[in-house]
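Quick heads-up: structures coming right below.
One chain, chain A, links the two complexes that follow: it is found with chain B in the first and with chain C in the second.
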Partner chain A sequence: MNGTTRRVVLAVAAPVAALAFAIGLSSIVLLISGSNPLDAYGDMLKHASKLETQVDILNRATPLYLSGVAAAIGFRMNLFNIGVEGQYLFAFIVAAYVGGQVSLPAALHVTVIISVAMIVGGAYSGLAGALKVTRGVNEVISTIMLNAIAISGIVAWLITEWQAGGEISATGGRVGTEPIAGSGLLPDINSWLELVTRDIRQGKELTAVLLVAVAVGLLYHVLLNRTVFGFDLRASGMNPTAARAGGISPKRMIVASMVLSGAVAGLVGLPELMDTGFFPSNPIKGLGFAGIAVALLGRNHPAGIALGALIFAFLDISSGILQVTGAASREIVQIMQGVIILAAVVAYEVVRRIRERDEAASAAAALAVGAT
Partner chain B sequence: MRKRLLLLLSLLMSFSLIAAACGNDDSTTDAGAGDGDSITVSLIYDIGGRGDQSFNDSAYAGALRAEEELGITFTEASPNDDGSNRAELLQLGADASDLVVAVGFLFEGDVAAVGAENPDTSFGVIDSVMLDFSQDPPVPYGENIAGTGFREEQGSFLVGAAAALKSESGKIGFIGGVSGVGGLIERFEAGYIAGAKAVNPDIEILSEYVTAAPDFDGFNAPDRGKEIGLAMYEDGADVVYHAAGGTGAGLFEAAKDHSDMANRVWAIGVDSDQYLTADPAVQEFILTSMLKRVDVAVYTFIKAVVDGTFTGGPTTYDLAIDGVGYSTSGGFIDDIVPQLEEFKAQIIAGDIVVPTVPE
Partner chain C sequence: MAPAIELIGITKRFPGVIANDDVNLRVEEGEIHAICGENGAGKSTLMKILYGMQAADEGTMKIRGEEVSFSSPSEAIERGIGMVHQHFMLADQLTVLENVIIGAEPVKSGGRIDFENARAHLREVGDAYGLTIDPDDLVERLEVGERQRVEIIKVLYRGAKILILDEPTAVLVPQEVDELFRNMRDLRADGATILFIDHKLDEVLEIADTITVLRQGHTVATVKPDEVSAGDLAELMVGSELPTPQTTRSTVTDEVGLEVRDLTVLDDDERPVVEHVSVTVHRGEIVGIAGVEGNGQTELTDAIMGTRDAASGHIVLLGHDITTTSVRHRRQQGLGYVPQDRHREGLLLAAPLWENVALGHQTEPPYAHGPWLDRAGSKARTEEVREEFDVRTPNIDVAAHALSGGNQQKLIIGRELVANPSVLIAAHPTRGIDVGAQAAVWDAIRAARAAGMATLLISADLDELIGLSDTIVVMLRGSLVATLDPTDVTPRDLGAYMTGASLEEAS
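And now, the complex of A and B:
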């Protein structure tokens, strides 16, 4: 086996081994819990082969992807932004409120909503960056605290403050901010998908935020690999001392990457906002934490995160069909998600070590050849 | 590495698209009401699912009764922990059954949307009136979408009166699960306070909420329930009522612990008759429970579909039809039942109007 083939095999081996391990372990869990793994996997795949389910999966993967990219921007800089959760909920409610207050032409209205979400997310995340560079507060601690302040403090207060329709409360009914007018909501992009597939059944709408997510992924890729800032970011993340010696200001990089991370985090609530049109009292939560797992699974790589988001979305969506067919309990989905992350981390580490050993061996061989 | 991932991704995507294009769209064939002998029902719980000894279990009891008495069949499902797949579950339910019963107000928006797309399936939602308030006057979301309106403030009034009648210290407590959810839990508080004050205008009432929306952990935080309960008992309250779902288990423990160490105190349960559902060790500390007959509501939805009388809009469950009430298990309030029944009669007659917003 020559060097190139070996490298290719190694690169493919990690994800494949991780997946195989995850399926194996999940099968054991399924067997122990008295379910037939083949039935369960069969139901999941059959369900996922339906176009409508794929729309569901893409809709679920979109916020997961945005959250994953937000976390990855921090990771690349060796910053652990756990605050995506608080950042997106805070950005979500402010963007919903502002969007519900203004009346603008469609393109401008949407732009305002997206901008507000990014600014609020970026500013709130930047707070953690500022605390780190001015006061040396670890961003893990500060973002956890800022999560609590945002969710249980600011957002909880804003919900009651900005609640639309006072008389609704006495009789029940949907509670949330003032609904955004149609001009502020992106239409679904079913027609785009229908170009390559059959018609999507009524009621399933593919979110247009998917396009925003793709754009964010491309920008993330370009920024990281084709710009000076991206080089500085990667350099600071890989070796802060060397980067500083190279004239890169660590403080500037910390604040900038936290703000960027938060700005992307601000977009995480967008799919739900564009769907419901307002901030409900029960928004989908936990996307910020799921994003950390997705980024981990995707190795902080734009395409890898997409794959991670799709896998997670597929598993999340599968929980429903497993319950309906009775093939397995829904908890198996969470177990599989956990096992996949664990397997991926271990597999990548093993491959990294094999690579290092290979490199050391080939270097030694080259030296030996040179010596004679 | 990057290119290979991209390749893998695109391969995966194209495979799935091909599969979608080829796959049979068997999901569009709806079961449709009344095309078989047996009515099928999908029961979709709120986060947490069956086993909460309270809200969801009560819904299950109603479906079970319908299975025995009406010969229906039903399936159960619970959403993911973040509630992200509610709409998906509703659609799966609509594909497979004649009636979808969604347990909890959190389903409101999704049922409105999914219900509109599946006009041949009936939808019933517990704890939401399912009226579109953007219209004036509000109208039902659809003829196939029914809701329930529980008058929790009326039931809470009676347990509030019971608390005041049983309190020796003149100080009682209230623990709410989550505040700011459209005033839902505040209704329990308002009725409780009004009932207590009707007995003893000078009574002191401690009131605390575990969390505020959008943080819904307050409905399932027994540790916090115990903490708050102990603090209230130590502060001199001798009866504490909770409207906090699974958090209540902590309050019951607090009542036991405080009674073991200091003076005898009481807790009041909610939704189900918690004397029967709670841990036997804490049974003797549960004075009464505010009953919210979710089981009756679920059974009524199913019966309406079986009888072919299902219509859209809300049904009110109040004291008059025993949609709410109080429990007497344990016999701790036998001596004050006459007084409570008198209050009940006055509320039904309209002589007492129970407030829905805490004073």
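And now, the complex of A and C:
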């Protein structure tokens, strides 16, 4: 096996091994709880083979991906942005409010909504960065606190304020901010998918934010690997003292990466906003925390995060069908998600060590050749 | 009476190096015994073996005549051996008393800590050895010297009769050193045996009853302080073999590359570690800074590079005052840097070689076009570095950690020199690398000097300093204390200046 093949095999081996381990362990759990694992997996796969379910999975994977990229930007800089949760909910409500207040031509309206979401998310996350560089506050602590302030403070307060002021209207039996006019909403992209498949039925709509997520993924990749800024960011994450001696200002990089991470986090609420058109009184929560797991699973790599988001989305969506068919308890998917993360972390570390040993061996070989 | 400690034929090997090679040591009961030696002479390894932190590969260890082998520090503590580390291991937020009893808390009924008992025991220990300290002070409020005293009390509290002090004076200012020495004499008077590591010879001669010198893992001599001069000790420490004289012609110009004027730098505790230092390096000149480590060289280089602020004074690069500018600006103006610790400050170990070569110059061609990285340019330049500086590697895509130390160092030297810096700050450029790589690094620096580079060389290797430098200045306790001509200075003289021995003799 030559070097390149070995590298590729190693890269693929880790997630495959993690997945196999997770399936094995989940099967044991299913057996213990009295379910037939084969029935459960069969139901999950059969369900996922349907086009409409696939649309659901993509719709679910889109915010997970954005959230994963947001967490990954922090991770690459050795910063743990736990605040994605608060950042996206805060950005979500402000963007929904602004979007509902203005009336603009379509392209501009959407741009305004997306920009507001990114600015709010970035600014809110930047606050944690500023606290770290000026006051030495650990970003884990500050983002957790900022989460609390955003979720049970600002967002809850705004909702009650708006309700009292009559600015929140009842739409279709639901309570939320002023609905955004059609010009501010991205249309679904069912027709794009239908180019390669049959018609999508059951009124399922594939979110156009998927395209935004793909663009974010590409930008993330380019920024990180092709720009001086990305180099500075990665260098600071790998070895802050060496980066400093190499002329990179650690403070600047901390603030910049927190702002960037928050700006991407601001987009996490976008799929729901574009779907409902307003900030509902009970929005989807937990996407920020799930993003951390997705980034971990995807090794902070843009394609890896995509895979992680799809796996998590598949499991999330499968939990519904398990309940319907009764093949297993729906909580099994949460166990699987947890086990996958754990197994992935172990498998990646094993592969990293093997790779390191390989490289050292080949460098030693080069040394021996050079010496003779 | 059997000696307190007797080590016979201790040998400890690490991959590629022998840290201790047939070391013999005999420490009598109730004496202050100094272990001297250069960095890397094997002092710390020996102490770690004695304290049970590492196991010797060969040799015998006897405590009061009884053969022992420790597999952990707790076994050493049981035998009455206590160690005070150079870096204090205290919890700042706790009081002195709490710090002292951590891990050895007296317990009363119900699992509660018996503070009364602890306090009484602490007072007993303090009285017995003449060490005074307020048990209720918060450690964060204590001076460095007092913190050290807490560490000493901590080991005495655990019943230690044999104390190992690892470079206890390294962190102290002179007045604190006097206080420490007073405490050490009191401890000796009260029956304790003290083994301490130091390489400041004036201090060793002042306090020790017996001195053992280590060089390159061997015990070279055990002497009494009244039998030797500081000069003799320095010679024992560094060896007497003279370097091969460098017959290269002087390339010194009268154009100033780097000028440091009256520079004062504070450490993290706000104490001056570099005081009123002035030094000028001309283009084509190598100025060597000699000094035992920890005398302010690191802070001086940090201040010149811009990673540490100058408290006062000026740093002038090619006529431009750069005292307050960013690291990046300084580098862009032509300041190159070979850091003393290549893993900490020099490399991104997990990144490929070509990214490591770009580090520090990533904003400039051929590594970048405006905001974009130029991967092809970086790789081409890395191939050049690999060729020119003989970096042995299978390819330039392997991660830096895969290379041997010598090749990592050649990569760093190559990366800095290929950028044609006007001024190079080189801190221990050949530390820990093999002879072949060493010669390659020296040749590269000499060639750049001939081409007009100004170099400030910080090194603990006296042969390297004498061989490469056009001028040598000696740094001691934050100040430059002597300017010497390398053509008529011997390592022995230099050693005397570095350790302050010549100042003692002169005064």
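Some points to look at:
In this section, the second predicted complex is superposed on the first by the 348 of 372 C-alpha atoms of A that agree within 3 Å, B and C clash if a C-alpha of one lies under 4 Å from a C-alpha of the other, contacts with A are read in each partner's own complex, and residues count from 1 in each chain.
In this section, a residue touches a chain if its C-beta (ideal position, glycine included) is under 8 Å from a C-beta of that chain, and two chains touch if they have at least 3 such contacts.
Bear in mind the structure is a predicted one, so any value in this text is a computation, not a measurement.
Once the two complexes are overlaid on the shared chain, A:Asp232 sits against chain C while remaining clear of chain B.
Contacts of A:Arg244 after superposition: chain C is touched, whereas chain B is not reached. Residue contacts after overlaying the shared chain place A:Arg60 against chain B, while chain C stays out of touching range. Put chain B and chain C next to each other and count what each touches on chain A; the higher total goes to B. By the touch rule above, chain C contacts chain A in their complex via residues 305, 307, 326-332, 337, 339, 344-351, 355, 358-360, 362-363, 368, 371-373, 375, 390, 392-394, 398-399, 401-404, 407. Considering their complex, residues 225-232, 234-235, 238-239, 241-249, 356, 359-360, 362-367, 370-371 of chain A touch chain C. Across the interface of their complex, chain A is touched by residues 1-2, 4-6, 8-9, 12, 16-17, 19-21, 23, 25, 27-28, 42, 75-78, 80-85, 88-89, 91-93, 96, 105-106, 108-109, 113-114, 116-118, 127-129, 131, 133-134, 138, 147, 149, 180-184, 186, 211-216, 356-357 of chain B.
Residue ranges on chain A touching chain B, taken from their complex, read 8, 11-12, 15, 48-52, 54, 56, 60, 89, 151-152, 155-157, 159-160, 163, 165, 167-175, 179, 196-198, 201-203, 276, 280-287, 290, 301, 303-304, 306-307, 310, 316-317, 319-321, 323-324, 326, 330, 333-334.
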